[in-house]
């Protein structure tokens, strides 16, 4: 007979579940409201979502550091809190983009907002656990929601994008579970800290290394997919193109942050165990990714697609930090994404503002470069704002991404990888070209006949303007808050104890 | 001894069935083979003492999933043979073969460690379902609940994606916004 | 002759490889989904076998959740498939390639 | 007024932002007013500057990212003071020279004011990251100026300018980060303060690689051979004001970088690299001067001549003695003023004729005598005639470099020959001979606007040629201090030998 | 006395600036000429006063202000008025004053009258800086200053178009101006190197410090300094091979040629050698000095030989200048600095006179230069004829006239030094000098009136101009008489070169030889060119076709050589470098950019929109990772 389990609620530490429960509850509330009264305006749901996420954020910030809960399934360390904060802030910033002056299909569903919150809950679970099962389930919850959200945009491209993303995601899920199986075989456990201990104990056994590396390889493949590293990145451009601009911008930040946190937990474990192969593999992937994505971005004709490649490249850039596995590098990851988030928010919001239902400039693309031609002459402020975002993405100081960039490069230098820093630098130079291309179109070309205030500011509304203004403010003023931000992140990373000192 | 025989029977039959799934040109054959293969997989579960899992496999996979596929197939009219253009079939098999080879090499190593302690040991005399229930509702309660959310998500997704409202698109419209909105509102009113 | 863990794992590996081949070569979305199911099933076998040999339930648990995930994926996947089919009138991957470059 | 440097840096930027509000028609007047105030501020800086103090003055310090050692740290010494003044002056005169009918005048003024901020910022920042910040930011307005008001292939030129410089400076950034890291290893705290870095002792190996990293950034900006090819494109396409500022100020950032970073931080490597720099510089001097001779376009002649002159500045920087280094800093000023003026002059004729091809002209001296005279004065300053500003720096540089290499000096000295060859050829082709092209009859001579912009430059050319002391003295003080620092800081006896602060001392 | 120094120095500057005020297209303003001339006269008076002062009280040294100080280098604007410089000042200001006054007449009809005086006075100012400076840098200021003024003045008629070399060997004023400037710059580089050498070895550029420290320096350094400085001198004084600019410089207005390219600027090189006599008289640099003498002798002969057949009236005078500069260098090289200076002064007077006379002829002949087209002008222009005659006699070195004393002393020096080859060549050259100078006189003033056929109506210069030329004529005659006084005065500063007893003994014979040869030259010239009617000169087609004639006419093909082997290769190399710059240097940058772009285009292929191939990529990637993992373990 099994003995009954006696466990007190206090021991369960249910509070660790609070943030996710809030998000899930939020989703259910939205569904319930819809059941009670149909055809409510999207603004209600948007505001409701923001409020719920705000409460969620409060709960997250209020969490105790380094707590485990619920039979050690939950792990609330600094990284978990940090990443949840980023995820929540990003969600709160991107969701108001639903409030366009024109109606778009997905926002006519209350379910959109419910799925959105379930997705956030999924990500939150994913980052606040070191149990392979919970990570898997959280990841899948989030991913499935995300596929749906993409498809809800409801046009050819969005379905195609969702299907591509979905199918490749399924393959990645296969890789993930195979990798997990191998690690389970080695360690008899699905908890990362126990796996680490087991590997440490068994590393010297004959024939063990191939299993360790094989397991790491499969896991790397699956996360490389999530992080869109070469050659697992092929979904990203198509999905960005097919998804609506807010969602695309969202995808370039939130799922990546979540995946980075998990990668950090998994791969830095290997690296800390002294398994160099993982480090080399990640470095190779990172370098190849940033380079290939950059050169492919060079030849894009569509701004959104270019931004897709650019965010692949940025992901490669940040991935290098995982290989470095130092506190500074880990700090850099969050700093980078924390800052990148605002700039990307701005850039995609600009695209969203200028989004049309008809493709008037190009047969296929929504945002071809020509669309912004000569913008400075017609809408100087819009052009300057967009240019600011582009410069920030290119890493021109003192705009936000620059600080993340130098911090990561500095981390590479500190870890003795000067060549990596140089590669990063040169890649930034290549990248500058395609950001510049948009600036060239906006500032240096003459307006085409089809560009005018109405076509560019097609979708504009007060909330969108507010978001844009906020993004500009944060991008330009980054200099003034980087210091406290950095301090906070460093402290959190140190608490988590991930990475070498 | 019967375990050996059973293993080989299951092994050979799953391999063949899955190969059919992967190679067949006919969707119906492929699906049938997949369903049969899954049944055979459940055999392994029983062999390995995971009775509960075996049952779940049968019910969920063979019962639910395959039923879903079957419904879907009716929608797609998949009775015809599908045409697939393979640019370089050899390469695909080469990759697959290589993958298999790596697995063989990898799993030839003694994976099971003597010192590894089972965290959630299978206790003699306790039924598998009972044991599984015990773990599932203690240790894995959170994942279980998340899985519930996941299924909810899947359900909502399935409903709205396949729903009638998706037939009109507010995003990609040939007619003007206003007309379309009116039309949709009318449709909803009905 | 004893059936050891190695047998199960190698079998799982082979089945995974079969699924892998399927994923690589299938050009029809539905068939593609089948292949991914094969892969997940193979992993389940591996998990159960390892769990059995450790005398540990975690393996079964993982397999259990894999099944759950697979089921959810099918639901979402088929939903997507249906809308896609409505738009494109085909499940052939060759035709669903409007976005490229 | 302890915040005069901050005022100097941010006043134009602030004015630039407010400039968006100003009406289009009044934009130029606004620009002149702001630039004039800025210029007066810089003059005030000079007045309150203590010429006998060789160290940093008016320093300001506000931490930006304390734990990473980045701070807003400004200061000015004899080396940077005059470059700042030159930058503000050239901006003012450049704006004055702008035509009233320039399209999008407001945007031009705003970008110029932003550019002015970055230019001043580069020269007064004492923090490597803040330096880098202004350094990179300076590209943006310039990109716009070249790209929006330039010639037919302006976009290509502007993008090339941006990317080339950007690529180099990113490698420099890696060097800066490595520097900070090494400082952290040594001192235990992070710092990007250049003055802190001066105290750091680095191994030969570290110095070697850091020098190369800095070199990548600075050499492209200078631009040193063979990284100079963006320059002819940029100048060829840029509007007059763009060329003026580019040649006068932006190029100086590169050489200033060498003076501020490479030399004092990496003294041993700097000495070791001297032959390498010398060879490149000599190629720059001779080769580009010859290329300049082959040009058909007046502006390209001056563009290439800029490269050639920058070569002279470079060897002066690496002369490792007070004469050469001081001379090269003076030459930065003089080249700024002279090439700025020459570009303005080319702009003047371009406005009238819409072409810069020398073959289109001839006999301009007869139709536009005042123009020809001003051009002649600048030409003579450009070829280094004594009692013009051009001579002082060139003489000192060659004098100083003589100690490093006799042959090198003779080759570099050939600049006075080949420099006069291309400049005189230009002058002859455009200004001498009969007026053959009908379009050149009745060209208007310089008008009041153009004279207002050019005459101050002429005055300075003569004034500083005859009496350079007020400028040269503070420069000399700071240069000597720099050299003393270098010598104390150098690790190898060979380096100490190569650095000559005072000949009397060395004997 | 200080104020006098400044008056002497700045009066021309003020004149220049004043003339400069009426600049541009301002109409001709007679005042400018007179103001400039008056101020120069003031400067001349001040110079004379200074000379008197120097005679009685020794040299004056003033320091106006600091110029450049950096590192250890400290260069002041300092002016030294000693015997040497005051001599130069007097000569320069005197000749300049005359030339200025002359110019008021000569340039009367030129529309750039004001500009001319501005330049001309500026030149005098520069020249005064050159001679008065108390340090090498100051000397260099003047050195370059006169170079620029020469450029401006040679190219004064810049509006003239280029003509082919065959038609006009100087091509055009602007071309000649550029040539002069650039060629001088070649030499200036040498001068600069000399200055650097001095600075780094002595630590100062002040004459007194430098010359005091000279004897302590190593021989090699001294030789290097001497060579470098002499290269500088070669350019300004148009010594072979940097001589071609001088004849081309005749494109400038004639007063300019008189002042700059005869009397003053071109003697700057000689002045430098004289000024640096403590260096050149050192034992260690005797080789260099001998070379200077040898080169001077060579140039004297070389230039004279070309003058024998030249047709261009100004060219003849220019070549004679070149030749006389050779004499001066010969003297200086042989250590007879005061004689060199004496010849310099004498030459300044008679050569300026000669040029101004030639200018009168040109003025009369509407700028016609070809002596073949002149003849019999004596009647029409008696004044000019007399002046030209006096100047030519002085140049030819006939007794009583200035040239006799100075030139004879030089030839004597060559004999005295035992350098008989130099002596011999100089003697022969003296004969050639007499021949060509009188050839020119006879051609233009005697013989048939060839101009009539060409429709010229010659008339002489304004009277006042002719009067103004009188001082020069007087000095051309009488300057030699003061040789001993001059020697006594100047040798306070310069080494007193004395002839040995042996030479002294034979001095009368040496003088006689020179005179005989000179007279012979004159007689030949008279026979050949002064005849009328049946004796009238005829063109000798046969001779003109001969190789010698061609060689001389083409200036020994040196300009051709420069054109072929310097100018053209330089131009071609420049073009090639430009092509390389575009194709290779810039091309490689573009290539990198294009390579990135192209590879972007290529790698775009993987993004073909087909999910199946995406899956293949992904599968291959995963497989690659796993295989790499397996291999990594296999390898270790």
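Going by the order they are written in, the chains are A, B, C, D and E; count residues from 1 in each one.
Keep in mind that, in the parts below, contacts are C-beta pairs under 8 Å (C-beta built on N, C-alpha and C of every residue); 3 or more make two chains touch, one makes a residue touch a chain.
For clarity, every value in this text was computed on a predicted model and none was experimentally measured.
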Checklist entry - Which chains does chain D share as contact partners with chain E? => result A
Item to check | Path length in steps (a step moves to a chain that is touched) from chain B to chain E | outcome: 1
Checklist outcome for this item: Taking each chain's centre as the mean of its CA atoms, the one lying farthest from the centre of chain D is chain B
Next on the checklist: Applying the document's contact definition, name the chain pair with more C-beta pairs in contact, A-D or C-E.
Outcome noted: A-D
Item to check | Centrality ranking, top chain (CA atoms only) | outcome: D
Next on the checklist: So, comparing C-alpha centroids, which chain is the farthest one from chain C?
Outcome noted: E
Item to check | Whole-Å gap separating chain C and chain E, where each centre is the average of the chain's CA atoms | outcome: 96
Checklist outcome for this item: Chain-centre distance (mean CA atoms) for chain A and chain B, in whole Å, is 28
Checklist entry - Which integer distance in Å separates the CA centroid of chain A from that of chain C? => result 26
Checklist entry - CA centre of chain B versus CA centre of chain C: separation in Å? => result 6
Checklist entry - Residue numbers in chain E touching 2 or more other chains? => result 593, 604, 607, 609, 611, 615-616, 619-620, 626, 630
Item to check | Set of chain D residues in contact with two or more other chains | outcome: 163
Checklist entry - Taking each residue of chain B in turn, which ones touch at least two of the other chains? => result 92, 95, 99, 102, 105-106, 108, 111-112, 116, 118-119, 131, 139-140, 143, 147, 150, 153-154, 157, 160-161, 166
Checklist outcome for this item: Checked against the stated definition, the touching pairs are A-B, A-C, A-D, A-E, B-C, B-E, C-E, D-E
Item to check | Touching residues (chain side chain C, partner chain B) in the complex | outcome: 1-3, 5-22, 24-28, 30-31, 33-35, 37-38, 41, 44-45, 48-58, 60-61, 63-65, 67-76, 78-83, 85-86, 91-92, 94
Next on the checklist: If we count contacts the way the header does, which residues on chain B are in touch with chain E in the complex?
Outcome noted: 92, 95, 98-99, 102, 105-106
Checklist entry - Where on chain C does chain E make contact in their complex? => result 20, 23-27, 29, 32, 93-94, 96-101
Next on the checklist: Please output the residues of chain C touching chain A within their complex, sorted ascending.
Outcome noted: 9, 12, 16, 19-20, 23, 29, 32-33, 36, 39-40, 42-43, 46-47, 50-51, 54, 56, 58-59, 61-62, 65-66, 68-69, 72-73, 76-77, 79-81, 83-84, 87-88, 96-101
Item to check | chain E-touching residues of chain D, taken from the complex the two chains share | outcome: 160, 163-164, 225-226, 228-230, 232-233, 287-288, 290-291, 293-295, 321-323, 326-327, 330, 363, 365-366, 369-370, 373, 380, 383, 385-387, 391-392, 395-396, 398-400, 402-403, 406, 409-410, 413-414, 416-417, 420-421, 424-425, 428, 431-435, 445, 466-469, 472-473, 475-476, 479-480, 501-504
